[in-house]
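Working notes, structure below.
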Amino acid sequence: MYTVTVRDHIMIAHSLRGEVFGPAQKLHGATYVVDAEFRRADLDVNGIVVDIGLATTALHDVLAGLNYRNLDEDPSLAGNTTTEVLARVIFDRVAAAIRAGRLGADAANIESLRVTLNESHVASAGYEGRLK
Amino acid sequence: MYTVTVRDHIMIAHSLRGEVFGPAQKLHGATYVVDAEFRRADLDVNGIVVDIGLATTALHDVLAGLNYRNLDEDPSLAGNTTTEVLARVIFDRVAAAIRAGRLGADAANIESLRVTLNESHVASAGYEGRLK
Amino acid sequence: MYTVTVRDHIMIAHSLRGEVFGPAQKLHGATYVVDAEFRRADLDVNGIVVDIGLATTALHDVLAGLNYRNLDEDPSLAGNTTTEVLARVIFDRVAAAIRAGRLGADAANIESLRVTLNESHVASAGYEGRLK
Amino acid sequence: MYTVTVRDHIMIAHSLRGEVFGPAQKLHGATYVVDAEFRRADLDVNGIVVDIGLATTALHDVLAGLNYRNLDEDPSLAGNTTTEVLARVIFDRVAAAIRAGRLGADAANIESLRVTLNESHVASAGYEGRLK
Amino acid sequence: MYTVTVRDHIMIAHSLRGEVFGPAQKLHGATYVVDAEFRRADLDVNGIVVDIGLATTALHDVLAGLNYRNLDEDPSLAGNTTTEVLARVIFDRVAAAIRAGRLGADAANIESLRVTLNESHVASAGYEGRLK
Amino acid sequence: MYTVTVRDHIMIAHSLRGEVFGPAQKLHGATYVVDAEFRRADLDVNGIVVDIGLATTALHDVLAGLNYRNLDEDPSLAGNTTTEVLARVIFDRVAAAIRAGRLGADAANIESLRVTLNESHVASAGYEGRLK
């Protein structure tokens, strides 16, 4: 299995509902340094998993839809925007970009995707799943 | 698959028996920066893999049982305390904490756990396994 | 010159006023991974710059006053809470903790302090100054 | 599953053929910080995945065959030397070293290997596969 | 003293003349992860050291003049392009951008600049100097 | 001012005397990831601060004198081997290597040296001083 990973980041505000979140129930924020790992069994004719320029742009575009926002007011996000939930949201949106052809036609051969959100030097969360 | 990872560290002394260990047969020591990655297929009702506060406390408690010690004198540890063996010891103790309910009742849904011990900027070891 | 550095972090929301801030004028947030470096010419009788336990606690206490908050609503903070300004606020509060003896009597010999706030994998800001 | 990872690096020049590579079609270069992760289900009698000294030497020897070179002129490399392709080349050569016994007789029990090439603070690529 | 640091990177090929460079006398290459630290005693009216957007763009523009090239063929570079020399080249070009007003009028108050080139996980070089 | 930094590490056991050290009074250990930063105003005729090969070897040789040891039994070390004290010991030994010509004749022009010991992901200590 071959992999390619690109990194970008967002800076957002939000609050979380539920006693389990303690002080994070108040409005606060986070920098998420986001890694998107693309995986496939074989390389394309150029010897790559994905056009890294398109992958970087696609991740950046997905993150631009979340960046510099109070996520509590984002109508596209329902329920708690935990790091796990945001990892899934970003996964789904990058997957949609792949299906829409924005990472190139050959990106249809990407088999799985792993999105990791590093929220501090001591904590991260992620979501990974198959794309086909 | 969703993941959450928390990080903590220990500083221990030990020696290793066997010619393969060369100078590490002498009493020396290590800082292990420890990552515990919790994995499950679905999130709980709060949108989380695990209560990160409880996970952090559980990891810290497990590490407190090893920290600031000469592991050669720890009766709970048999044989060589290699980085691999310590990863397994920490895995087993965190798994026991989960089974004992110390990470919350819903942590019973955690499917697998990966423990990584970073021992320097050029070496690490780990153990991962299923919890159910 | 001897140095000791300890690290902790905060997760805050805020907005910034001024066209220069572009999209950061909207309410958003950040994780700041904070390094506090303590500096002095000579070590104390124990061979240390500062009691690292007290230094860690003092930094944590200072950060607790900012953590999990919307800094726009913090009456102790006037004007823009840029990363630079927050570095200075944390510097001043850690310096006050030193003067109040909370890092031990010998910490009066600390000559200077450098506070760095890492806000992402590509940006940081800091403030450093003399303490005596 | 137990894992051990060792790190080393190479500094090479190369160019890539194909419009997808944009400016990287010109002769340029890269530092690759290379992680080799060795995986097996059970530890050997010493409590290790692999003799870390031999593993480090084997990785270093494999990398020495690529280091400080213009890869465009390396007759052992056909086609584009993308990060993905180089990850596979290093994987194959480390695997060959294992089969040749250069990581010790017990290394025959290593089940899989993951090679990751970190090419900057924002991009990496890798190859992983079974060894038996 | 306040500081702001931004990070970017380049990927170049080059060779070095002189026996001291050993195998690096051959054509090879490097990724340089570049940190530019801007320093000044007081903040501007917005509470910043420099417009971080302009600083990031200025660093990127300076690096674009070096990126994806064989530096041996760059007529603007005389002599060995060691990491130290490149740090100075980038320092001079960022300093020129400041003087030309490309980081904003208030950037004239930046007192000093430190440029660090991280060339691997085990080596870096830099140049720092006053700007006025 | 130009700088070059090289990195290596040691793994040692020790104990610390004094109530201030709490549980670290017991025999324990540490990995120290050691950075040595060499500084001088002008480059030599090759365009370098120091022969990085000789600097790496000199640091490695100094660290070999401490590595894989119980520092409590090292007759060359008096008093507490705190991270600060060890930074000074390594500083003095690297400085002696420079004076002995082991980093090359031109290394006599190195003006200052900074040694940093990273002991975990949350703590480090260092010593810096002039060499002439």
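We just call them A, B, C, D, E and F in the order they show up, numbering each chain from 1.
In this section, contacts are C-beta pairs under 8 Å (C-beta built on N, C-alpha and C of every residue); 3 or more make two chains touch, one makes a residue touch a chain.
Here the structure is a predicted model, which means the values were calculated and not measured.
Asker: Work out which chains are contact partners of both chain B and chain E.
Answerer: Of all the chains present, those in contact with both chain B and chain E are D, F.
Asker: Among the remaining chains, which ones contact both chain C and chain D?
Answerer: In this structure, the chains that contact chain D and also chain C are A, E.
Asker: Can you check how far apart chain A and chain E are, centre to centre, with Cα atoms defining each centre and the answer in Å?
Answerer: 31
Asker: Need the CA-centroid distance for the pair chain A / chain B, whole Å please.
Answerer: 27
Asker: Please set out, as single numbers or ranges, the residues of chain D touching at least two other chains.
Answerer: Answer for chain D, listing residues that touch two or more other chains: 7, 121-122.
Asker: What residues of chain D sit close enough to touch chain A in their complex?
Answerer: It comes out as residues 16, 18, 20-22, 79-85, 87-88, 116, 121-129.
Asker: Report the residues of chain C in contact with chain A in the complex, numbered from low to high.
Answerer: Residues of chain C touching chain A: 7, 9, 11-14, 23-24, 26-33, 67-70, 119-122.
Asker: Can you list the chain D residues touching chain B in their complex?
Answerer: Chain D residues touching chain B: 1-8, 43, 46-49, 51-53, 56, 104.
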